[in-house]
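In the two assemblies presented below, chain A is common to both, partnered first by chain B and then by chain C.
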Partner chain A sequence: MDSQKVDMYLMTNAKFFSPAHINFIRERLLAADDSKWGLINSVDVKDPTTVLIVSIFVGYLGIDRFMIGDTGLGIGKLLTGGGCGIWALVDWFLIQDATRQKNMEKLQMYL
Partner chain B sequence: MSGNRLYLSVSLLLSVGYFWLGWSLMQPEPKHNFTPCLFKNVTGIACPSCGTTRSVLLITKGHLQEAALTNPLGLLAAIIMLTLPAWLLYDFFRREKTFYNNYSIAERFINKNKKIIIPITVSLMLGNWIWNICKGL
Partner chain C sequence: MTTKEYIVQPYEHEPAGNAYLMSTVAVIAGLPLPIINVIASVIFYLSNRKASYYVRWHSLQALIAQAVVMPFNSIALAWTIRIFFEPLVWTETRHNHYEAHFNENLFDFPSAWYFIYIFFVLALNLFEFIGVLITAVAVRKGKNVRWAIIANITDRLCSKENRDPYAI
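Right, the complex of A and B next:
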């Protein structure tokens, strides 16, 4: 893939991934075939800030975990009422990194 | 979630649950008013899963119907606390990953049908919450 496309992708999507992964993504995108461009753009990445807002308001029901695709943990969080509220509170601080991690996992399927 | 992390967090949660249950069982009558629930401590009204401990305590005394009326989640918690330790120990001694494999299958199944399952579960929990507030738990 040519570097102009890769830089454009990174400029629009860098905030969805953790800074430590950006270099790796860049290298893999440069090495990837042009035909994957459409697929890579269609990866359903979630915005960490949006998920944080969801976590603050309805973290008690585990919606934030459902949103990023951690369904098992989401059910656990839902049934325990956000783990007595303690898990919901801890998740305010963990959910952004978890979102970036999940985005990376989703993208990695196509790299 | 990786296998080892799942096993670690589930065993941690189970031991916290058993510790909490044991501590609650040892309290003399009349029962204490301490609750670990942040939501109830902050707002003063019950959260969706308030009453689970009381429900499990009623189950240990054999009052199943009263337990279900206090909080139906107590029945679920009791089933989970009875079955999961056995399952985890089975996996641990047989060096298999049956629990993790089944967890992954269940997660994939829920993910595939999430437009149906999640709204139903969330509305059940919301209903339970309203019921909890009406009961004044």
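Right, the complex of A and C next:
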């Protein structure tokens, strides 16, 4: 893929991924075929900050986990009332990294 | 055999510091029950199993620090509950309750030992809480804080394996 396109993609979307994975994404995008550009742009990545806000307010219902695609964990959190509050509290500190990880998994399918 | 030196990346400071920050928040949230802090630290560590070595190491150190204090807190809580509920069990002997039980069981009434122990536990918790806060701030700034003894146990327990599937 054209390096200009890759740079443009990273400038727009770098905040949705872990800084540790940026080099990996860059290398894979450069090696990817141009025909994948449309697919890669259409990947639905979630904003970690938005998910953190959702986690703070309705984390005990598991909405944050549903949002990022962890349906199983979301149901578990919903049924236990956010693990009696403990899991919901721990997730305030974890959900941003979990969102970045999920974004990476989504993108990885097309790289 | 050669070992590769581990270089801590700047983006690792924040999640590593969060391990300690989370345990201070959990202390406030779960104050009456000491086990809650340990459960929160265990969940945090398990969720960070695939994180970098530095983040995993600090999650584990925070967990062990909580686990060390937990038995002292649990004993203090159990002793307090026993003192509160013990008179209800022996209502028929309430008139000479303290005299009767002085010789039977030291744990059934608020003795001087009880107050000494509670004072010791409070001091220990305060010391640990301040230590964790200082560590949280220092780790976030990039300083690798190692707690005496606990850090050596963490070294032994924490695997140096790189578990990130997207690492180059």
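The rule we apply is simple: the second predicted complex is superposed on the first by the 111 of 111 C-alpha atoms of A that agree within 3 Å, B and C clash if a C-alpha of one lies under 4 Å from a C-alpha of the other, contacts with A are read in each partner's own complex, and residues count from 1 in each chain.
The rule is short, and it goes like this: a contact is a pair of C-beta atoms (placed from the backbone, for glycine too) under 8 Å apart; a residue touches a chain by one contact, two chains touch by 3 or more.
The structure displayed is predicted, hence computed values, not measured ones.
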**OP:** Using the overlay on chain A, decide if chain B and chain C clash or can fit next to each other.
**Re:** fit
Subject >> Touching partner for A:L94 - first (chain B), second (chain C), both, neither >> reply: second
Subject >> Touching partner for A:N41 - first (chain B), second (chain C), both, neither >> reply: neither
**OP:** Check the residue A:T49 against both partner chains and state whether it touches chain B (first), chain C (second), both, or neither.
**Re:** neither
Original post:
Using C-alpha centres in the superposed arrangement, which angle lies between chain B and chain C as seen from chain A, in steps of 10 degrees?
Top reply: 50
**OP:** Go through the superposed model and pick first if A:P19 touches only chain B, second if only chain C, both, or neither.
**Re:** second
Original post:
Looking at the overlay, does A:I86 come into contact with chain B only (first), chain C only (second), both, or neither?
Top reply: both
**OP:** Scan A:S3 for contacts with chain B and chain C and give back first, second, both or neither.
**Re:** neither
Original post:
Rounded to the nearest angstrom, what is the minimum C-alpha distance from chain B to chain C in the superposition?
Top reply: 6
Original post:
Which positions of chain A sit in both the chain B and the chain C interface?
Top reply: 85-86, 89
**OP:** Enumerate the contact residues on chain A facing chain B in the complex.
**Re:** 60-61, 63, 66, 69-75, 78-82, 84-86, 88-89
Original post:
Can you list the residues on chain C that touch chain A in the complex?
Top reply: 9-11, 15, 18, 21-22, 25-26, 29-30, 36, 39-40, 43-44, 47-48, 51-52, 164, 166-168
**OP:** Would you mind writing out the residues of chain B in touch with chain A in their complex?
**Re:** 1, 6, 36-39, 47-50, 52, 73, 76, 103, 106-107, 110-111, 114, 118, 121-122, 125-126
Original post:
Which bits of chain A are touching chain C when the two form their complex?
Top reply: 18-21, 23-24, 27, 83, 85-87, 89-90, 92-94, 97-98, 104, 108
